[in-house]
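Remarks on the structure that follows.
Chain nomenclature is as follows: A, B, C and D, assigned in order of appearance, with residue numbering initiated at 1 for each chain independently.
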Amino acid sequence: MLAIVVLAVPFAAGIASAVLPWRREIGWLCTATIGVVLVCGIGLAARVVHGPPITAFGGALRVDALSAFMVIVIGAIGLLATWQSVRYLSLEIAAGRSSRRHASLYSALVQGFVTAMLLAVLAGNVGVMWVAVEATTIITTFLVGYRQTRGSLEASWKYIAICSVGIAMAFLGTVLVYLAALHVGHHLHANLDWTSLMAVSHHLDPGVMRLAFALLVLGYGTKVGLAPMHSWLPDAHSQAPAPVSALMSGVLLTVAFYALLRFKAIADGALGVAFPRALLVAAGLLSLVVAASLLLTQRDYKRMLAYHSVEHMGLLALGAAAGTPLAIAAVLLHILGHGLAKGVLFLTSGEILHAEGTTEIAQIKALLARRPALGGIFGFGLVALLGLPPFSLFVSELNMVRAETQVGLGWAAAISLGCMAVIFGAVMSHGRHMLFGSGPDGERVHKTPGIVTVPLIGGLVGCAALGVVAWPLDSLLRAAAQVVAL
Amino acid sequence: MSGSAYASSLELASGVVLVCAVVTLWRRSLSAIVKALAVQGVALGVVALILGVGKHDGVLIAVACLVIAAKGVVIPVLLGRVVAGDPASREAAPIVNVPASLVGAGALTFLAYGATGSVVALIPTTAGRLIPLGFATMLIGYFAMAVRRKAVSQIVGLLLVDNGIALVAFLATAGVPLLVELGASLDVLLAVVVLRVLAAQMWSKFGVLDLDEMRELHD
Amino acid sequence: MNGIGGVIAAVLVAGAQIAAVAVGGPLLVGVMRKVRCHIEGRVGPPIHQPLRDLRKLFSKQCMRPDQASWVFGVGPVVLVATAVLIAAISPLATTHPPLGQTADFFAIVFVLLLGSVALALAALDTGTPFGGMGSSRAMTIGALAEPALLVAILAMSIPAHTSNLPALVRIGLAHPQLIASPERFLALGSFLVVILAESGRLPVDNPSTHLELTMIHEAMVLEYAGPDLGLVILGESMRLALLLGLLVNLLAPWGIADRAGAAALVIGLGALVGKVVVAGIVIATFEVFTAKLRLFRLPELLAGAFVLAVVGAFTALVVR
Amino acid sequence: MSNLSLVITAIAGLSAAIAGCALPAKTRVHAAVAFTWGACIAALVGSLTVLHTGHAMVLNSSRILPLTGVTMVLDPLGAVFVVVTAVVAIASTLYWLGYASHGLSTRTASAALPIFVTSMLLVPAAGSVATFLWLWELMALSSLLLVLVDQRRREETRSAAQWYAVMTHVGASAILFALVMLSAHAGNQTFAAIRIHAVHLPAAVRNTAFLLALVGFGSKAGAVPLHVWLPKAHPEAPSPASALMSGAMVNLGIYGIVLVGDRLLGGGPAWWWLTVTAVGVVSALFGALHAATSTDLKRLLAYSTADNMGLVLIGVGASGLFATTGHPAIAAIAMVSALLLTVNHAAFKGSLFLSAGSVQVATGSRDLDGMGGLLRRMPITGAVFLVGGLAIAALPPLNGFVGEWLLFQSLLHGLPTSSTAVAIAVPVGVAALALTGGLTAAAFVKAIGVGFLGRPRSEGAATAHEVPRTMQLGAALLAGACVVLGVVPMIVLPALERATAAAVPGAPAHSLRSSVELRLAGLQGVLAPALLAAGLALAFIAVIAIRRLAQRRSHLRLALRRAEPWGCGRELQTARMQYTATSFAEPLQQVFDDVLRPDRDLNVSHLAESRYYTEKIAYRTSIGDVVEHNVYRPMIGAVNAWGQWARGLQNGSVHRYLAYGLVVLVVILAVIV
């Protein structure tokens, strides 16, 4: 029952905000719906942690520990994003850059985006999951191009072009998996349900599965932003409005990664561990190296955050390659921690863009001196992202490296630590140029309204709490890890 | 339909799909490319129809008609209107010249045959033997997207990829479950609509349809 | 040595040694000046002239630079105090000096270093260019001489398995072949060069010059007058006498009192004075025939001493 | 053993941090200091009981730190470092009370300092890989925040903070990978399990783990190739923070090396310890040389930290060397000397940095060439700096001497050995010890003489006046510790022996029977610091008595006369005529020219009319850090060049992006076929 509520509420809100012209109350309504989604997610997780998975609509929707965790991730970062988009929209309307009708389209699309992601996560059927992920691509294309500037148009074209091709690969992979499932012997009731595929995974034809998994990694890898297919990510995330890029970077990448995890479980059964691990390690390391190289001479702080996502997705791929329960638990914790930190950072960068008017790192001076609240949140956000305690990313990165070394991927862990050190240096120097220094004397210190800073500080405190207190999430993480671990 | 006629008609239709893909690479003028796309859509629908009739699967026949309607008629018409609006409707200087791209297409077809060896081995029927054709169409479509400058030709490339995958889907598993099939084709349709809208905006707002000039976002 | 008797004896021995060094130091300087003058064909002042200078200086008025702090006054006192302490505990006249077990060679070297650091600080306190110049050069030479000194101590301590000075002398006395061994000569050679550097004798620094460019030790004590200057001169001469006494006892420990008793002590003192005078004469004649090295040629000299000590240490290692 | 003290330390530290950032400006610092003292005292009590009883204190909790839980094990080795950190922290926070009004009272600073202190108190007590690394990185982050306190005013602070952050992170990653490698083979990640499984680890893993740990912890301890951040970060940090960093944080680098080298891996082949000794020798010489020639007071102190840590590394290396060549007794003495050197260093470096901070507050600058005559104007701070300076120069009555003597004895008595490695290592070690001692003496005579004596060379020095009482008290507390440790080191040695027994495998429990003197067990090395100090005092009083007697007996009875010092006959003596720090160090710079490589630029501007008449001659010389110039700059250049090239990857053309995907797809298909 809860599963249906989780889907229905944002969908209804989407319809409502599409129909009615946009007002602040509608904005807060949308934020409330995502709050409901988060609460339902926690409820689902509480029920599913120890009990059997819940199914609805005759197996079309299936909620196990992993999908409940993802609902929580979507809910948490969605709440942050929709809370900020109310302010974003009112500022855009005030500045005359978009009309009320345009704003209602925006909030409708955001609700649709969240619904699609929830559907992808809750779908029991692998095909439906693919359809949902493709739907998110189409919806976000309009959101990326929302600002109607030349840059956002170019970004949305590249986004839709590269992602559609990638997703098509994933569809071909799904078809081949279906084909292999059909030819397992009993043709009758083979379908694209994840549970049935898992049950029969040991008998799937290895040749076809190897081709299928390769296409799936390449396909869903595009949506995750893994290396060879990552080029759309910096353009899309830097041109999209801040709340949208927070949602995309924080959650959409990890939803696609969730899909990859589901298929990895099947592939491990069919092909054994070697092939999937090799593929994921290759993709992970390539992403890390590309992210590290391109962060060095970055000049735009939104693109810097986007490349940071590529790095973190590379780390997730490495963690998933290890595959042990500890690795998957660390990957999941990293997903939540990264989502929160990246969401907060993108929202803050939106505020900085609004306040300073430019995304050039070089033109922003002494942010801490001139806007202490924004600078402080941006600074601590970067600290969280770079994997320093007390934030949860440190704990998850440490345990991922531990799991990788236990499984024999020590060399890959070493290369990842090297890339992270280079990235630490690069981001440190960019952060230094933006944050430190003394502003031109005489300029009064700008105050940031509480309505903006409260959720951001809340997000950072949540990320720190996740890194320190083990109580609520530990059991959920271990249960979710058991679902896909080796 | 008798066995051999069924097989030969299936081969003919699949062959037409692949040939149309090669034609889009070969011809420079956009209107010709859109026509080839239409032909390919129809051929794909015919393949689905033959399979549906062969297996007496009513759902598949319905899907086939839907495919013919959407990919054969609606999408080419949409693209045609965009092409009409653009005076220089020729692929002036493609990044890779025509002979080189044809050689590339040949290589990709050869690679498709090699890669899908295990799949063909799994399905002994004639449909199984034709799967590499779908795979090749997909690769050629991808190649077309990567080398053509014009926005329309990129949309065509994407559609080639989708047609190739749909062909593989029909041949291998006689169509995926209905719900997924509907979702997939709806998504493809929406993707094309979005691309068309974007192309129109680019054309109206910035007067450029050559994607290589859109290089403002770089590091 | 039981209780009170022991303490009294120890105090007596310490007093004797301190008195010998306090009086012997200036006399030794007088003898060396006499030898120089004799070789240069001059008559020169009587041997006890330095003692008479000291008596004159102690009765003069004491002067201090206007900006100097208390460190200026404390410098000379620390210099003399360190010399007195070492004179009390080191094996000059007897191989069982009071508090003998604490007389570690390493400790003695560092107590001497304390004295020269105090003097350098006092020189900087005067606020004149000469003070800075003198202390800068003195500290540079001190820093460069340190490795040679410590490795020399290492070389001498390895065969004896201890760095305690009385024990070294006792073992030298008991096993003459230890003294005749090459590492002892190499070590004492570098020790001699370090002594010349520390006490400011000729190849390193000309004690009788007032030329800004060349003087090192003299520049530090330029501002002292009256009793302070007296203390400085006394301290310098005591340090020279002490170091030569240690050198001589390590090289030729004959005659040093090995067992308790007033007679042995007197013989020990006599032997000490004799040997130190001989050493003084040798050094004085050597000084007449050498010229002062330029300041930046000194590192080569001290590096040579260091190499001597290292070769000594390695021979001590290899031979054992 | 009740692990209450660890819990109290953590809670008190946390509440200090909360008080620091929550309370209003007036009471913020006082509350934070009070809570921090609570944490320090709790840690002190806990570690002293551990040292007294010899049993480790254990605390496990799975509710903190997800996925791994927290394990705290405070053993005697860790307890020594906790005690040192606690004492330095108490003195620095006392100093902070007075210093707060000079710029260390912002919210982040008064929250970061308590966290920094608490994390340093708990790092030696960490018992598992995750806990250790969590606390280690928290320490690094909080110290970074402290370095950044006055980043608004000076560009050097910002670049120093960046150097510090990047190098600390690289070091931490090396430590992380080393500990993870050890724990991966050992199953679970507690140090106890690692120690059990370490024996049958393959040699390659052990060697890589040790070298990585040496890199990571060496960079924290300021070992030379990795020391570059130290002379940049310590001077820029506010004084209580730099005292804590130099007095306590660098010690944890040493603790790390001993932890991984001895406790976890249980000793290793001789070349391990030879590397440690070699790094120690190079660090000692390099640090002492740069200390002797630098003119910035705090930079001088930072370099001398690297030098002292080099000496400690020589001690640790020697102890490991002797342990492998079969001399456990001497190895124990070498380890005790290393620990004693660390404790001594914490005492005198802490007091030196605090008094240097007071000087910076009073005169407004750190440049020695602008100071002078401060002893008369700031008597107590001057006296404290004098005591600290003499202690670090290892002069007898103070604690520096005892540590160096013990190290010298352990090197001496380890000598007649079969292995040639030891035979070469020991004389080189002694030579380094000696040259470092000489150079440090020269450096601190310069610092004290030029800084505190003579005439004031700048307006700031002339108008300097004594700093508030709490600042003097904080610095004096540590200077007092120097004197006590110097005269009566016996109070510390039993604790160090117990720590050594825990660290060095096979070390005898009582390596030195210490009553009044230090008598080395089984050897003839004896030192009686108390007697030496008494003798010195006695001689000092005797000489003064004789001088006064001679003065009274002389018939003139003239009072002390203050007069103009002699300036070759010039009437007016100005402060500019004095030697400055640069000129004081010029002979040393001349002698060690090729190591220091000072960059000198001389430009002569001629008159427009004719080249033969010079208008102005400008000469500027500065000593850069040779390692930074030849090693780090080229590396940074290469990384930036790679960054520039990589920008081509993302040149904006959608065709190129699609081509990436196509090529990878083709490659994968080819591979699968």
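Heads up, the rule we're going with is that a residue touches a chain if its C-beta (ideal position, glycine included) is under 8 Å from a C-beta of that chain, and two chains touch if they have at least 3 such contacts.
Please read all numbers here as calculations on a predicted model, not as lab measurements.
A count of contacting C-beta pairs for C-D and for A-B identifies C-D as the more extensively joined pair. Located most centrally within the structure is D, per distance between chain CA means and the overall CA mean.
The distance from the centre of subunit C to the centre of subunit D, with each centre set as the mean of the Cα atoms, comes to 35 Å.
Spacing of subunit A relative to subunit B, judged by their CA centroids, is 31 angstrom.
Spacing of subunit A relative to subunit D, judged by their CA centroids, is 43 angstrom.
Centres computed as Cα averages put subunit A at a distance of 78 Å from subunit C.
Chain contacts: subunit C has no residue touching two or more partner chains. The multi-chain contact residues of subunit B, meaning those touching 2 or more other chains, are 115, 117, 142, 145, 154, 211, 214, 216-217, 219.
Counting partner chains per residue, subunit D has residues 647, 649-650, 654, 658, 661, 665, 669, 672 touching two or more of them. Interface of subunit B with subunit D (complex): residues 95, 108, 111-112, 114-115, 117, 139, 142-143, 145-147, 149, 154, 211-212, 214-219. By the touch criterion given at the top, residues 60, 125, 127-128, 130-131, 134-135, 137-138, 141-142, 145, 148, 150-151, 153-158, 160-161, 164-165, 168, 171-172, 174-176, 178-180, 182-183, 191-192, 205, 207-208, 210-211, 234-235, 238-239, 294, 297-299, 303 of subunit A touch subunit B in their complex.
Contacts from subunit C toward subunit D in the complex involve residues 58-71, 77-78, 80-82, 84-85, 88-89, 99, 101-102, 104, 106-107, 110-111, 113-114, 117, 120-121, 123-133, 135-137, 139-140, 142-147, 149-151, 154, 157-158, 161-164, 167, 212, 222-223, 227, 230-231, 295-296, 299, 306, 310, 313-314, 317, 320. Within the complex formed with subunit C, the residues of subunit D that make contact are 292, 372-373, 375-376, 382, 386, 390, 393-397, 401, 405, 408-409, 411-413, 415-416, 423, 426-427, 430-431, 433-435, 437-439, 441-442, 445-446, 448-450, 452-455, 517, 523-528, 531-532, 535-536, 538-540, 542-544, 547, 550-551, 553-556, 558-568, 573, 575, 577-579, 583-588, 590-591.
Listing the residues of subunit D that touch subunit B in their complex gives 647, 649-655, 658-659, 661-662, 665-666, 669-670, 672-673.
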